[in-house]
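Here the chain labels run A, B, C, D, E and F in written order, and each chain numbers its own residues starting at 1.
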Amino acid sequence: MTYPPRPSGRAPGQLRPIVITRNYTRHAEGSVLIEFGDTKVICTASIEDKVPAFLKGKGQGWLTAEYGMLPRSTHKRMDREAARGKQSGRTQEIQRLIGRSLRAAFNLHAFGERTLHLDCDVIQADGGTRTAAITGAMVAAHDAFSTLLSSCAITALPVRHFVAAVSVGMVNGVPVLDLDYPEDSDCDTDMNVVMNDQGHFIEVQGTAEGAAFDRAAMDRLLDLAQAGIADLIHLQKQALRVD
Amino acid sequence: MTYPPRPSGRAPGQLRPIVITRNYTRHAEGSVLIEFGDTKVICTASIEDKVPAFLKGKGQGWLTAEYGMLPRSTHKRMDREAARGKQSGRTQEIQRLIGRSLRAAFNLHAFGERTLHLDCDVIQADGGTRTAAITGAMVAAHDAFSTLLSSCAITALPVRHFVAAVSVGMVNGVPVLDLDYPEDSDCDTDMNVVMNDQGHFIEVQGTAEGAAFDRAAMDRLLDLAQAGIADLIHLQKQALRVD
Amino acid sequence: MTYPPRPSGRAPGQLRPIVITRNYTRHAEGSVLIEFGDTKVICTASIEDKVPAFLKGKGQGWLTAEYGMLPRSTHKRMDREAARGKQSGRTQEIQRLIGRSLRAAFNLHAFGERTLHLDCDVIQADGGTRTAAITGAMVAAHDAFSTLLSSCAITALPVRHFVAAVSVGMVNGVPVLDLDYPEDSDCDTDMNVVMNDQGHFIEVQGTAEGAAFDRAAMDRLLDLAQAGIADLIHLQKQALRVD
Amino acid sequence: MTYPPRPSGRAPGQLRPIVITRNYTRHAEGSVLIEFGDTKVICTASIEDKVPAFLKGKGQGWLTAEYGMLPRSTHKRMDREAARGKQSGRTQEIQRLIGRSLRAAFNLHAFGERTLHLDCDVIQADGGTRTAAITGAMVAAHDAFSTLLSSCAITALPVRHFVAAVSVGMVNGVPVLDLDYPEDSDCDTDMNVVMNDQGHFIEVQGTAEGAAFDRAAMDRLLDLAQAGIADLIHLQKQALRVD
Amino acid sequence: MTYPPRPSGRAPGQLRPIVITRNYTRHAEGSVLIEFGDTKVICTASIEDKVPAFLKGKGQGWLTAEYGMLPRSTHKRMDREAARGKQSGRTQEIQRLIGRSLRAAFNLHAFGERTLHLDCDVIQADGGTRTAAITGAMVAAHDAFSTLLSSCAITALPVRHFVAAVSVGMVNGVPVLDLDYPEDSDCDTDMNVVMNDQGHFIEVQGTAEGAAFDRAAMDRLLDLAQAGIADLIHLQKQALRVD
Amino acid sequence: MTYPPRPSGRAPGQLRPIVITRNYTRHAEGSVLIEFGDTKVICTASIEDKVPAFLKGKGQGWLTAEYGMLPRSTHKRMDREAARGKQSGRTQEIQRLIGRSLRAAFNLHAFGERTLHLDCDVIQADGGTRTAAITGAMVAAHDAFSTLLSSCAITALPVRHFVAAVSVGMVNGVPVLDLDYPEDSDCDTDMNVVMNDQGHFIEVQGTAEGAAFDRAAMDRLLDLAQAGIADLIHLQKQALRVD
């Protein structure tokens, strides 16, 4: 069976070129620029020596994430959220998703009463910003914990599982991996999948914006995601020089 | 294979008692009280004779949803969002989900330049408020469009598909349907599924708050959801006396 | 002297049918649905084991109230206050009124360092929502304190006086009791009166939206209110089975 | 019968010294400094040549009021509302009261599609700021309309009735007129009354913060208010040199 | 060389009539009405017996300023910032400027853990409100510290330097001192200068709204400011009867 | 005379290495990464085909600027302004400064009814972010207008003057150019100067945070700024390949 070609010429199960640049900015304990093709996100991981009020004295840490887009990271300039005085529902959804995904990656009981703040700021958007953010934040967080380890503040990295994310979707009836903006704005169904290095699911968020999809399509989309995430985790480990 | 019993004594694939009361309040074009066991949500559908600015003059309608909880609908009193001056991220996520789900149910091009406002207000919460809200809002919206039809403002109901929603999850390793609060607060994985009367997916939102889950578990959860939603759509049609 | 008939057919001094349903929802320490004809308000009373900062360590309790309307409780859908990000001046006025009225009903020094939160949420509005809210909140608060008493947290109910409220107004020159929406939107003068079981005044708030009114009218309105409130307090006590 | 003396030495029915200074600031169409003893309020009336959206094209005018206190107008410095980012419930109640009271004074159909903005800013507070504000705003509004008349924009002053306001209250069991701060913070009952030059009521807002009060007290308080307001209207007319 | 006359008839280096009225309102520890011609600002200084969190326990004091304009202090009514729910960028800039300027006047380590709040509220504006505010706030703060001294809370006035401010600008190519509103709205360049009694600079804020200005103009403007501020500090000391 | 060495080893009048990278991101009409040493700011210029309401129909354009810092652009993580729900006073001051400075660079009457939005986002901060932002925004705006010119929407570039900015300050009694963070946090006086390619002043904002400074110091600081800005404008023109 032959498919109509993707706008980018990629095969249905092919990721965009993925580039992970560590130590992108200077001040953060972990700082990564991640590129999924033309989508570019700065992910910084900052360690603070205290926890939110609801965890005080419980001997455990916390991990939280925030997400933003520069106003002209997009094709058309968007309003600046700081100027409008509130974050959109979409922004809040995404930062909650990043936070939950990364909390599944680390052992919150193994780095003391500290908070890891992940800031994911999109400087150029071309589809898939939230999956790039999760995948890059994993690396930034890993670097931040390595900094803690180097300073002897902890005795082992609190990593439970590597975590990465990718989008899949039905474009013109074809299941494809890692949608770019032209595909994303044109697709019937968009699903973001977060998995760990055991191939288990952490988050699945699928939306049929156009036509509802059947169980067979669902199954094929999950297959694509599983393979793509395995590749992404391989790239994360390569960037970090861990195996 | 035998399972540990559910707190409610229900079988793994058994819904809670579902009650749909139409015409619950007097002013709205559609007004439904839906009960999923002890979860009770008032869903009203209000028709306004204009559309948002971005659709003006395009000859189509719009459908939007808002969600709220009475402060003491829950076990412990929550702050009132109107008093705090903003809706939480959770509230925004849920109302965006309800809106997308119901827009998949109706043909927005078939009821003129009108807006259908769906208000889903939880008066008692015991788990599954968003799935009850979607399921009840379908009935309220149907009633509101019937009102329009009766007044000859439209010539046919703009229904594309009936839509309903249910939660599924892994509780102590067992896949179960329609989690109540004790199960919800205890589960490893929680997935909300929205489907239509063709058995196709509209939304899938799964979160592994505890342990990540494998593909086999995913498959069993989707099976449970599919069966539960078929039952819910049957109950919606019964309440509306349509077949 | 004969009067023009009221839209509802009631006599000038006649209340609407009053229904008080206790234990309306499950989680709150006190939960009441109160109906003044077609006006329906859920009043819940929640006990929290702490007081606001300004009372900490003073050995006394606090009582506070919040008020809201479901967006489609009214003839025309109103904006949701949580979505607009602030409570209207009207809402704040009403919840301040409810709070002051109920603080006059209970002895704040007789239930420890606790806060009683009263939430009055209108699910259907047909005039007189604030007076129904006060009258219902009295019963919900009484139930909440009975719960405290049953759990031996206090040794006696901290009730000073029963308190109830009713509206009176000049409609087409005739003083009438307990205005419903058609009368309310048409009247020259609207006065809300809160009194206790000794027949003493706690609050009087009269507004001549149309024509100013003279002292004689004022006197007749106060007479009507006094009689109506005596009836309402009788109904509260009946519902609570106290004398 | 003898009464305990008032802190100020005034007789129970005696107003504080009232001073009305017109043309207090330069830019406003009407600008008044009103003093009720040590309470000093700047009332300005500004005319704008348009009406709010809900009145556009209806050929009538509008009148609206805002109220504020300088942060150190009070004994203890209060937070600045502009800095806190919202007006308190008390502020909103007061400005709604001022607006309703003054709308009863003027014929909104007799000054074209214009808005009269009344700004009442307390520069020194010693009790009774809202009643001073209403009384002073009447004079400022009168001056603003006289400006319109001089410029031939209208052909007659749109005055229906002069309106003034005063507080009355029970202090140590004694009904007194025009409470100053020491009395206000100590009283059982505080009632603000707004009346017109026919001796008719426009607003009555009584609150029993301490002990509820009986009908006899109510009657005596209304008597005091009626006499005090007649005096205030006399002073307004004197200041404006109208009879 | 002759210049075109200023609208007010003043010489280029001539201040407007300056009037400093101490004890303008009753409650504040320091309260000054300052007039720069038709610009009138109430400056109050309030002492609070605590410091902000970031200074707690450090044994030093704090000084902070807020600025506001009555809505009709200006030629055209402005929106009330408290009603709009936020302070404009201009307001924030000005109050930050006042705070920095006055912190340079006093020794924050010499009045204990106290906060001095300066409130500068413009009741009539005719250009130069921020410079009048700084100049008046100096006097109000001095009075507040004298109150502390009288009560023996401190043993010496914590004054380092007297501080005053004035505007200078290029109007029709001519450098002038202390611009009033007609000059201010018409000028090419406007510069606000804050200096102390040693003739040293504390703040310089120049903006070329029309034509950029050269170094020679800059030099002449600084000369004018220096002379004007010396005069203002003389008037401050005269008002306070210090030399 | 010898000076104590600067932390960076630079001479007093030496700029940091300046790097201007055009076309840094893909979507904006102009996109520049500007580096003043370790300070890195993304400046994008976006053209919108409409003007704010106050300019509609006047046949002229508008130019406005916004400024932000990524939360971990700084040594210590700052709160995200979008999450806090408002921009700080500092942010507003800076974006107002950028807007005024760039409006002096271009002829607003020469590019039709369009708005140029300048977004300056700091990705790494090491002192002087606002001066880097102005200097980079000049280049981004130039590129955006070149895009308009290429598309024949305008017939000539609307450039009046090149504009650049730099900071100067007294560090340990020595006047220095282009302060980095260690100098900035340690200096007595900090002055930001904006000039054009004629050597004329557009903005001067000096603040003596520590010790006030005399006229001689002021003169030396202005000399340094003038020379530094001439160099920066040379670099801007080189980057744009204009002379």
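Just so it is clear, contacts are C-beta pairs under 8 Å (C-beta built on N, C-alpha and C of every residue); 3 or more make two chains touch, one makes a residue touch a chain.
Since we're looking at a predicted model, the values are computed, not measured.
Each step here moves to a touching chain, and the least such steps from chain A to chain D number 3. Common neighbours of chain C and chain E under the contact definition above: D. Chain A and chain F carry the same sequence, and matching their CA atoms takes a turn of 180 degrees, rounded to a multiple of 5. Each chain gets one centre point, the mean of its Cα atoms, and the points for chain D and chain F are 51 Å apart. Centre-to-centre separation between chain E and chain F, using Cα means, comes to 28 Å.
Inter-chain spacing, taken between the CA centroids of chain B and chain E, is 60 Å.
Counting only residues that touch two or more partner chains, chain A has 85-86. Passing around the ring starting with chain B, then chain C, and so on, the chain order reads B, C, D, E, F, A. Those residues of chain F whose C-beta lies close enough to touch chain E in the complex are 86, 89, 92-93, 95-96, 100, 104, 161, 191, 195-196, 198-209, 211-215, 218, 222, 226.
Every residue of chain A that touches chain F in the complex is listed here, in rising order: 25-28, 31, 38, 40, 42, 44, 46, 48, 66, 68, 70-75, 77, 80-83, 85-87, 91, 117, 119, 121, 123-125.
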